[in-house]
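So that you can tell them apart, the chains are marked A, B, C and D in the order they are listed, and the count of residues begins at 1 in each.
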């Protein structure tokens, strides 16, 4: 049952301490800043976060890490010129890092959404990131066994949603959104606006509404259809 | 290097006897009839064909089977009210059948395109379609190991292409097209028309041009830009 | 006690039991009848495994479009809020456990929820599986719609399936012309009977049956799936 | 004999060697310079692993759009014929062997084509791998662009990498400021030298080198990858 939240704070309710949370974005593109800020305000802690990076500068995921809400991060590229909050937490031994090649990260998330129990990828074979993992030679090529990354919740950003929960994205901000939406038990999406069902061309939908649980719109005009009636509007008719 | 063929006969050149060929379509929707007819005219035989079905009535794949060009078929649903040509070939012992659950068929084709060496799926666990296959219990659930289906060629149908080879499809005729385009070494696409690069919105492209080798357009007006210059036009500028 | 249900009656019953807002796949054959009994107020979204969510009623007349068909290859229509996707994405929806309910026909169902619905196992039969195994394995709830007895009077709810299996322990409910059965962790409870008393039913079926709960309700909570 | 190449010179050389019509990924750092030397006549399509084919030049001024960035997170532009896709689809392009060429920077390359470019192995270093292993493993041709010697004069073309590996036996060419090397099934042939004679080069590198072929051509056929 799709819910439309009046605010980002309403939208992120239900994420518990210790939850595994997929957070969309590649750098800042596609990073759901409003939802992350709300998660920060909620005080939730002890999180395992899955993201390509480990935060940039002083916004979004970086602040969540600065405030020590993240117990463990699963990512491909934590070290950047402006990843100072992660760097400090890591050197202090206050955050656990699971480093995953970027394509393996995306494929493990996809596998969770697609009900795949595990898969063999050639990426990383013979490297230290395959140490301790099952390997297999298939048709003369080496492969590493990788497992799905399931999650309690996903926080992602899309361009628009319709009232059936269908999503479209914008340019390279699409990145991890579609696979994360499918992999989490509870998917929360920050969009610019929510339009009526029928306003998105069915051929152009990137994430079908079946994967979306909660929407929150940044544009108050259309977003706050819910506001008069409390924080969460149940969408009974698309 | 993308080629634009003047005719379907030009388009399917290079498919050898004994080749493994992915053929798009679910029933008749998305079935590339022009390309199959050309393949029939070419006389190519001993084929292994991968398709969801085993042909309907007296057109397309059914005729290829009637003419005994198909040595083996890998499909999920051969038996239909109008699959008489397959039925006859099968009962005569003149076609080999590898029966694969439909989702496993799609995922095995996807795995080939995505460079995955194999994967564990829960589908078919404990059934006769898993007999002889490796199985594994993961987190208390049974899974079957399945391998990628690579192919020499794919014949698919899309709605439109641009001169960069990007494809869009139409409604449920999309079906196997995108995964087959990625899985074959040589992908041949039948479209209604070929438009200039830039005419398809990059957000709406379903199959990126990197997967497409040869295009042929049904609408002669735009298709036959190539015709004066022989059967195959090399696209040097999008 | 009401009379036995006909197919339309079973379909109406199932339609009424599907929770509002659900994503549902109706298998080919009998279960497609259910769509006719869904109401707009239920806000049910239908999935068809050949690549669509938001499938509408059967197409007629000018609506018929060869590019818009359902899993049974029949022409259908598109509702507002629909979406199209390719086959691997469509079966990821199924295998990934995202469908709330799927309703399938069956040759046999076992008391532990095993399903046999794709192959009679006959020597000369040409096997065809389609999406049946993916649906049986993937949906959160797998409901079966079938006649309780076959033409020669043999029960189709059995201790152990004799036909080749589609999926193991996957069925949570069985809707038939004479009764509705709720399957849960090896136990089979009769939710209601139609045209026969519980005792009469129990004597004709070789699976231990629990009687209807004291106050049966038509829309009781779907049984949870183990695992 | 010409002089040693600067970075722009190496980038120009590589750009000229990419076959027309290729799909190419230019790794972050030095290899991004190559884009400036590609000509429209080459009809090269650039892939960026964060979800795009048909990437154009760096964005400037009003073109800058936070939603349109490359793998190095720098603003870029979109060319006609571009397409966007999600991360799993983007890495399927790489892992599936669909890119014709990728060009990566490196700490070390071994004579058998092993690549080390993601981690110095230093005790206090924070590791970050990004898409490096996927590119090294997936592209049909993996070319390296690097200086031949590091600051203290140690050769980066080595018998065996001492840094943690990115991929095994994946590199087919190494473009450096002093020479271009063609790697094929364990042998290393110098295609050309820049500012140094072959013999001088061979004496400073601990990998057996084959001399340039009798009539070297700038655009010779890409070396095939074993397997």
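Everything that follows uses one rule, which is that a contact is a pair of C-beta atoms (placed from the backbone, for glycine too) under 8 Å apart; a residue touches a chain by one contact, two chains touch by 3 or more.
The shown structure was predicted, so the numbers you read here are calculated from the model rather than taken from an experiment.
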Other chains in touch with both subunit B and subunit C: A
A-D compared against A-C, more contacting pairs: A-D
Gap in Å, rounded to a whole number, between the CA centres of subunit C and subunit A: 34
Computed distance of Cα centres, subunit D from subunit C, in Å: 55
Contacts with two or more other chains, residues of subunit A listed in rising order: 107, 110, 114-116, 121-122, 141, 169-171, 202-203
Sites on subunit D at which at least two other chains make contact: 52, 78, 84-85, 88, 91-92, 94-95, 137-138
Set of all touching chain pairs, with the criterion as stated earlier: A-B, A-C, A-D, B-C, B-D
Residue ranges of subunit C in contact with subunit A within the complex: 20-21, 23, 40-41, 43, 45, 47, 52-54, 78, 80-85, 88, 91-99, 138
Contact footprint of subunit C on subunit A as seen in their complex: 1-2, 110, 112-116, 162-164, 166, 182, 196-198, 202-203, 205, 208-211, 235-238
Subunit A-facing residues of subunit D, complex: 48-52, 65-70, 73, 78, 84-88, 90-92, 94-95, 119, 124, 126-134, 137-138, 164-168, 227
Subunit C-touching residues of subunit B, taken from the complex the two chains share: 26-30, 52, 76-80, 86-87, 90-91, 97, 99-107, 109-110, 121-129, 140-142, 169-179, 206
Partner subunit A, residues of subunit B touching it in the complex: 107, 111, 114-122, 136, 138-139, 141, 143, 147, 168-171, 202-204
